[in-house]
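See below for the structure under consideration.
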Amino acid sequence: MNHLILAPILIPALSAVIVLLTARADLRLHRSLSLLAMLLSCSASIALAYSAFSGAPQVYAMGGWPPPHGIVFVLDRLSATMLVLLGVLGLAALLYASQGWDARGKNFHALFHFQIMGLNGAFLTGDLFNLFVCFEILLIASYGLLLHGGGQERLRAGLHYVILNLVGSAFFVIGLALVYGGSGTLNMAELARKLTVASPAEGVVLTAAGLMLLFVFSIKAAAVPLQFWLPAAYANAAAPVACLFAIMTKVGLYGILRIHGLVYGLDSPHIVRYAPFLLLVGGAVTLLVGAFGALGSRGLRELLAWLVISSVGTALLAIGLLGTEATAAALYYMVHSTLAAGAMFLLAELIREQRGSTGDLLRPGPNVTQPTLLGGLFLLGALTVAGLPPTSGFIGKAAVLASATHRPEVVATVYAVVLLGGLIGLVTLSRAGSVLFWNLGPSPDIQPRAAGVGRVLPVLLLFGLTLGMSAGGGPLLELMTGVAAQATDTSSYIDVVLRDSGGHR
Amino acid sequence: MTLLLVILIPLLGAMLPPLMMRWGRGASAGSAILVTLAALGAWGSMVPAALRGEGATFKLPWIPALGLNLSLTLDGLALLFSGLILGIGLLVVLYAKDYLYKSDPMGRFFAYLLLFMGAMLGVVLSANLLLTVVFWELTSITSFLLIGFWGHRADARRGARMALTITGLGGLCFLGGALLLGHLAGTFEIAELTSLRDSTLSHGWYVPALVLILLGAFTKSAQFPFQFWLPQAMAAPTPVSSYLHSATMVKAGVFLIARLHPALGGSEVWFYLVGGVGLATLLVGAFLANLAYDLKGLLAYSTVSHLGLIVALLGIGTQYAVVAAIFHILNHALFKASLFMSAGIVDHQAGTRDLRSLGGLWRLLPFTAPLALIAAAAMAGLPPLNGFLSKELFLEQTLELPFAAGPWWLVPALATLGALLSMGYAVRFGVNTFLGPQPKTFPKPPIEPPWGMRIPVALLVAGCVAIGLLPDLLGAPIVELAAAASSYLEVEGVHFALWHGFTPALLMSGIAIVGGVGLWYLQRWFVPVFDQSIPLPSGERLFRATIAGLVDLSRSAKRAFHPGKLQTAIAWMILSVVLLVGSALLVKLPRWTPSPADIDPSLLGGVALLLLAIGAALYFHRRRAVSLAILGAVGLLLSMGFVYLSAPDLALTQLSVEVSTIVLMLLALHLLPAQSVKERVGLHHLRDGVLALGAAVVVGTLTWLLLIDPPTSATSAYYLAQSKPGGGGTNVVNVILVDFRGFDTFGEVIVLGIAALGVYAMLFGMGLPTRWTRPETPDESAYPLMLGVVARVLLPLALVVGIYLFLRGHNEPGGGFVAGLVFSAAIILQYLASGIGWTQHKMNIPFHPLIALGIFVAGLTGVIAIAFGQPFLRSWFEYYHVPILGEIELASAMAFDLGVTLTVVGGLLMVLVNLSKLPRSTSVRPLTLAEEED
Amino acid sequence: MIPIALTIGFSAVMVSMFMALFRLIRGPRLVDRILALDTLSINAIALLMLVGIYLRSDMFFEAALLIAMLGFVGTVSLSKHAVGRSVIE
Amino acid sequence: MIELLSEVLVSALILVGAFFTLVGSLGLTRLRDFFARLHGPTKATTLGVGSLLLASLVFIALEGDGLRLHKVLIAIFLFLTAPVSAHLLAKAAICLKVGTGPAGEVPETFDATQSLEIPRDPVSTPPAT
Amino acid sequence: MKEQRPTLVVLEDAPDHPWRLRLFPQPITSIAVGLTWLLLVNSVHPAHLTLAALLGVIVPHFSSPFMPIAPQVRSWWALLSFAPIFLFDLVIANISVAILILRIGYVPRSRWITIPLDARDPFAITTLAAVISLTPGTVSSRLTEDRRFLLVHVLDCNSKELEVEKIKARYEAPIRRIFES
C-alpha cells in the first residue's frame, strides 16, 4: 500500500497545524512554511499522477479496514489529474497571496491549507460519506477564505455563499441517507456493484439518491439555476482566493464524473434514462446564461465570475455528450478553464489596483501603470477564455464540438449553443478590453505603483501553462482520453477496489 | 521547413520593432522592413520550384486527435496570395514609416502589422482546414488591434469591436463548418478533401457545412449583408486600410472560397449561394460607394463591390470564371492598394478626406494626382489597364452560366449595372478630389509627402499599367497556376489580350463607361437626396442597437432572476431538487404493498410533543429569543427520541450540542435586532408554500420507500462483529467514530477547528469595536453571587464527569466529543458567572494552538501507525494486567479521542470568547444584511 | 405492581411535559418560557429514570446527568439574556 | 415477602415521584402569577425527580446489581442548580417588572443601588461595609 | 480583537504553599472530586481508588484558580445536625406547595419579604438562599449589592415578620455555624 497517497492531505494538514501552533510567530515564517508545504504537496501530486498514469488505480484502506467496510482512498487517473491541477493552481495562488494579501486578515495560511486538504481529499476518496466530509472541510475553509480581507460586500457575499452551500450540504446528507438506505453501503465501488443487482424498490431509492447527488454536485458546479452563490462570491473574494476558487466549480464537475459517470454510469438504466439529456440541456443553458450574464456585468471580476459559469456549462455539455472522446474533451476543457480563470482573477486584481478609484469597473478610467504588460496579458487571457486560437480554449472548444459530431441528433443544437456562447464571450471581452485599455479618462495625480515581479509571476505561470496546454495539445488530449477511458470503466473499478484493496484483518 | 520560416519570421520578428524603438523610429521601421525582406527572401527561394508546379509542402502533427496538423503547401493559389501579402506588405511598411505621426507608438504598430502578416501568410499557406481556422482567427484579432490602433478615438474603438465581432462570428461559423466537413470527410487535409469531392457533395451534412464555411468567408470579405463593418474599419490608419482592407485580409474570404472551390464547388447550392451573394454585394457596394463623401469610405465600398465581383465569379465556377476571379484578385490588390495610399496622402497632407471640402488637388499634388487618376481608371476598368481586362472577363462569364438564373439577360444586365456604378464612383473619386474647382482653404496646406509615401504608390500603379499592357507575359502564368489550384476542372492555356474584337462584353463595358460618366454628372442631384430624405437601411446602426439591447436585456434579466436575494436562490434550489427527484419517483415508482407498522402510544405522545414544539418554534420565528428557547425544548425532546430508539450516544451528543448551541446563538443574537423584519404578505408566500409542499411530498415518499424495505447492510453486521475483536471497544458507535470511520471523524474535527478559525477571522475582518477591556462593575445584577458560587462548586465535578465520559467512551456511551462539550460547558458556566475578563485571566489558554494541538494529536495517532508500517489510522490496543489494579486497556483510539476533545474545547471557547467580546448593539452594520432579505 | 406504577408514572410525566410545553408556548413572558424549559428538562430526567426502570438498565444515566448539568447552563444564559444584558460580560 | 415489600416500596416511590412532578408542572400551568409559578418547578419537580431517582436506585439494587449510588449525583446536581435557576429567573422577572400579583410591589431598598468600588473577583471580595 | 496571552493556568491566589497545599490546593475539592469519581463508576475497586486519588490531585489544579477562597466547613457537627432539618422541611415544603397548587379557586397571598442578613461568607449566603428556595413556599429572589438584604418571595404568607423570624432562626443561624463563627 502506497503511503504517498496520503501526502496530498497530510502535508497541508500538518502545515496548517504548525501555522496554528505558532500562531503568534512572524508572518514571514508562515509564508515560507506554507509555500514549502505547497511545493511539497504539489510535487507529491505530480509523483502520484506519474504512477497513476503508468498503471491501474491504487487503493489505500484507511485504518486497514477492508472495503467496502472501511474508508478507502482510490487514486486513479481522474483523481490524479485533479490533484495536479489543484497543486499548480494552489501554488500560483499562494505565491500571489504571499505578496501581501495574506497579511490582510487572520489565519490565511491555515485556512488555505485546510482548503487544499479538503479539495485533495475530495479528489482522492472512494467513499461517499468521506466525500461529504471533504466537501465540508473545503466549504468551511473556503468560507473563511472568502471573508479574508474583510469589508461589507465580502461579508454579504460570504453569507449568501455559505448559506446556499449549507443548503446543498443538507441535501447531500439526504442523498447519502438514500444511498445507504438503498444499497447498505457508502463505498463507491460497492455501490456500483450493488446497483447492478438492486431490487426494484432499492432501484427507485438509488435512482432518487443519484439524482439528489446530481443536484448537489450541480450546486457545487454552479449550474444554472443553481449558480446564485457564485458571482457575488467570486467578484468580491480576495484575488488569490478567487484564483483558488477557480477549481471549486470543478469539484462539482468531478463529482458528477465520479459518481454519475463512473459509479452509476450515465447511460446505464440505474439512473433515469434522461440524465444525459438533463446534463446536455443544463449545460447548454448554463453556458448561455453565463455568457449572457458576463455581457451585462459592470465590473471585470463579476464578468469573469459569469464566464466561469459559462465554462462550467461547456464542460457539463461535453459530459452530457457521453463517450470517451467527449469526456476527454470535457476534462481538457475543465483543466484549461480552471487555469485560465485563476490567471484572469489574479490579473483582474492587478488591473484593479492600477486603475485607482475606478477599480475594475468597466467605464473610462485612468490608464494602468503597466499598459503593455497588463494589456498584453489581458489580450492573451481574453483569447484563452473566449476560446480563440492559438490558445487552449480554442482547442478545448474544438474538441468538444468535434466530439459532438458523433451525436447527429444533437449536433446542431450543440454547435449553435457553443458558437453563440463563444460569440457573446468574444463581444463581452472585446468591450471590456477596449474600455479598460483604450477608453482612458484623466489619469490620477499619483500614479499607482507598478506590480512587482512576485505578483506578475503567478499570472505568467498560469498563462504559460495554458499555452503549454495548447502547444502540447496532442499528447495532452491523448492523456485525457486515457483518463476518460478509465473513468468510464465501471467494472474494472469495482474489481480493483474490492479485490486488491490492501485491507487486512 | 522554409515554408514554416516564411510564417515564423514575421510572427517572431514582430518583437523587433518595439525593442528597436529605443534606438529611434528609424531603427524600428528599419527592423520591420528587414523582417519583411527576410520573409520575402525565404519565400522567393521557393518560388521557382512553385512556378514549375512542384510547390514545397510541410507537415507536422499537432493535435492528431482532432486531425489538426501543421501542414503547409505552396501551390499556385498560395503562391499568388503570399506574393501579394509580402510584396504589398513591404510597400505598406515603407509607406507607414512616413505616414505615422510623431505621437504614434511606431514600434507597436509595426509589431501588430508583422503579426498580421504572419497570420495572413499562415491562412494562405496552410494545407489543413483547421490550421486555416487557427490563422484565420489570428488575422481577425490582429486586425482588431490595428483598427483600434488609435484607441483613444471612439470611432476607432467601435470600428475595431465591430470588425472583430462580425469576423469573429464568421470565424466561429467557419470553425463549425470545418469540423462538420472534417467529420463527414474524415480528414482536414485540403488535398484529401479535394479528392473526396464527390462523396462530400452527396453527404447529408454538405449543405450545413458549406453554409457555415461560406458565412465565415462572407463576413471576412464583407459580403452582403455583412458589408457594413468594412467602412467602419476605415478608422484605422491608412496603411492598415490599404493593406488589410483592400489587398489582403478582406481577400481571405475570397481566398477561402477559391481554396475550397475544388472540394465543395460545382453544386447548385454553391452556384446560387456564392454567385447570388457575390452579385448582390457587387451592386450594393458599388451603389453605396456612389453616395459616400468620405474618401476612404468610398474606397471601402468599392472594395466591397469588387470583392463581390470576385465572389460572383467563383460562384459561377467555370474554368474561365475562376481564371477571371484570380486575375481580378491580383488586379484589385494592385490598384486598390495604390488608391488607398493616395487617399492616405490626401488625408495626411490636406488634413481632410471629405469629398465636399476637396478638389483641384491636381496642382498641389502634381506627383500623386496622376498616379491616383490612373489607379482610379484601372478601378473603373478603362483600357488599357489591368482592371479593364478582368472586368471584361467577368462580363463575358455572366453570359454563360452553368445553372439557370432567371431570364438569360438578367445576370448580364445586373453585371453591367455594377460596372456602370463602379465607373460612376471611380469618376467621383478622381474628379471630385483632383480636378474641378479648388476650395478656398484646406485644414492643412497640401504639399507632396516624403518619397517614402510616394514610391509605393508609384510602384503599384506601374504594376497596374504593366499588367494592362503585357497581360500574357506578367499575368497569365501565375494566374493559370493559381486558377488550376482553385478549380476542380482542368485549367490550362490561359492567356489574356486587350482586344478580343467586338464581343457582347465590349458592348456591355461600353454602356457601363458611358453610363458611369452620366451617373457622375447626375450625382450632385441625387446624392443629397439620399443623404437627407431616404434613410438607407444601415446594418451598422442595427448592429450597434443589437449589442446595446443585449447588454440592457442582460442587466434587466439579472435584476429579475438573479437579484442577490437568498429567498430567490433557495426557492430555485428547492424547485429544482423537487423536480429532479420527483421526476425520478414518477418515472420509476414501483407498486408496493404498504405494511401497517404497529404504533406505540408513548411514541405518539412523544411525536405530538415534538411536532407541537417545532410548530411553535416556527410560529415564533420572528421573536428570536423565544424561538430559541423553544428550539431548546425541541432539542431536548429530540434527545428523548434517541432515548426511545435506545441510542444513548446520540442522546448524549444531542444534549451537549444543544446547550453550546443555545449559548452561542444567544451571543449572536446580541448583534441582531430582537425581532426580524416583518414580511409583507405577498406572492412569494404562495410560492414558498407550494415549494414546501412539494419538498414534503418528495421527502415523505423517499422516507416511506426506505421504511417499507429497510436496508440490509453487510457493513453494519461487520461493524457489530468486529467492534470488540478488531476495534477493541464494546461501544460500536464509538468504535465506528474513532476506528472504522476514524478518518471521517478526523475530517469533521478539522471542520470544527476551521469553523472556529473562520469565525475568528470573520469577526476580525468585520473590524467591530472590541467593547470589552476590563471586567465592568461586577455588581450583583451582572454577576449574581449565588450563580458565581454554584458555578465554581460545579466546575470540578463537571470536569470529573467529563473525564468519566471520556475514559469510558470506547466501551460505553460517551466519548471524546461529548467529553469535550462537557468540559466546555463547565468553562462556559464560569464565563457566565464571572465574566470574560476574570475567567480569561484565570484560564489563559491560547485557543489557536489548542485547536491545532487537537488536530495534531488526532492525526499523529494515524501517522504513528505508518511508522509501524501499518496503514494510516490503523488502531492499536492492548490489555495489560497490573497486579493490584487489574486489567487495563490501552488503545490508540484514546489518543485520537483526546485530539477530538482538545479541538472541541478550543474551537468552542474560541468562538464563544470572540463572540462575547462584541458590543451588544442592533446597529452593527454587517448584521443588517441578514435583515435585508425580506 | 411495578408495571402499573410505571404506566401511571409514564403518563403522569408525559402529561406534565405537555403542561410545561403549554407554558413554554403560552408565555406570556420570556421568563415564563425559560422556566417552562427548565421544568421540561427536569421532567425529561424523570422520564429517563422511568425508562431506566422500565428497561432495567442504567443506559441513560449519563443522559440524565448531562441534562441536570447542562440544562442549568441553558437556563442561566437565557435568563441573563432575558434581562437584556449580554449573556457573558 | 421481601420482594413484595420492595415492589411496594418501588411502586410507591414511583407514584410519589410522578405525583410531585405532575404537581410541579401543574403549578407551572395553573398559577396565574409568575412568581407563584416559580415555586412549582423549584420544589415539587426536584422532589419528584428525587424520589424517582430513589425508586430506580432501589429497583436496580433489588435487581441484584448491588447498590449503585451513582444516581445520587443527579440529585446533587439538581439541588445545586435548581435554586440558582429560580433565583436568576426571579431576578430577571424583577428587572422586567413582571406583575407580582397582590401586594407584590418590590421594596424600595432594592431599587436604590448602592455604589461600591469595583472588586476584581465578583464573589470572593468582601463587600464594602 | 486582542489576542489572548499565551500564559498557562495561573495560580496567583495560591502562592508558594507547603508541598501539601501545592499537591492539594483545596483538600475539600480533592475529596469531592474523588467521591464524585467513585460515585460515577460506583465501585471501590483498587483501580478506581487510585484513579480517584489521581483525579483528586489533578482536577483541583485546573479548578482551584477559579475558587480563590475555598469553602471552609468550620463545624461538621453543625452540618450533620442541619441536614435532617433541611430534608424534613424539603418534604413538608413540597407537600404544602402541592396542596396550594391543588386547591381549586384558592388565591395564595403572595408577599415579598426582606431578610436582613448577618451571614457574610459568600458560601453561607449562597447556601442560605438555596435552602430558602428549596423549602416552604419561598424563593430567594434577589440580593442587594452590599449583600446585606435578601429579597424573598413567599407564595402564601400570613405575616412577614413571622416568616423572617423563622428563616433567620431555623436556617441562617445553623448555616452561619457551619461556615462562619
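Quick notes
Here the chain labels run A, B, C, D and E in written order, and each chain numbers its own residues starting at 1.
Keep in mind that, in the parts below, a contact is a pair of C-beta atoms (placed from the backbone, for glycine too) under 8 Å apart; a residue touches a chain by one contact, two chains touch by 3 or more.
Quick caveat: nothing in here was measured; it's all calculated off a predicted structure.
Shared contact partners of subunit C and subunit E, listed by label: B, D. Two chain pairs are in question, A-B and B-D; the one with more C-beta pairs in contact is A-B.
Ranked by how close its mean Cα position lies to the mean of all protein Cα atoms, the top chain is A.
Per-chain CA centroids place subunit A at a distance of 49 Å from subunit C. Distance between chain centres (mean CA atoms), subunit A to subunit E: 60 Å.
Chain centres here are Cα means. That of subunit C falls 12 Å from that of subunit D. Touching of two or more other chains is recorded for residues 760, 764, 775, 779, 781-782, 784-790, 792-794, 797, 801, 833-835, 846, 849 of subunit B.
Multi-chain contact residues of subunit D, defined as those touching 2 or more other chains: 19, 26, 38, 40, 46, 68, 70, 73, 77, 80-84, 87-88, 91, 93, 95, 113, 116, 121, 123.
Residue positions of subunit C with contacts to 2 or more other chains are 17, 34, 36, 65, 69, 71-72, 76, 80, 82-83. Put simply, subunit E touches subunit B in their complex at residues 1-10, 29, 32-33, 36-37, 40-41, 45-47, 50, 55, 59-60, 62-63, 65-67, 71, 122-123, 125-126, 129-130, 140, 142-145, 147.
Residues of subunit D that touch subunit C in their complex: 7-8, 10-12, 14-15, 17-19, 21-22, 24-26, 28-29, 34, 37-38, 40-41, 45-46, 48-49, 52-53, 55-56, 59-60, 63, 68, 70-71, 73-74, 77-78, 81-82, 84-85, 88-89, 91-93, 95-96, 98.
Of all residues in subunit D, those touching subunit E in their complex are 19-20, 23, 26-27, 30-31, 33, 35-36, 38-40, 42-44, 46-47, 67-70, 72-73, 79-80, 82-84, 86-87, 90-91, 93-94, 100-107, 109-110, 113-114, 116, 121, 123-124, 126-129. Against subunit D, in their complex, subunit B makes its touches with residues 775, 777-779, 781-790, 792-794, 797, 801, 833-835, 838.
Listed in rising order, the residues of subunit C touching subunit B in the complex are 10, 14, 17-18, 21, 24-25, 27, 30, 33-34, 36-37, 40-41, 44, 47-48, 51, 55, 59-60, 62-63, 65-67, 69-74, 76-78, 80-83, 85-89.
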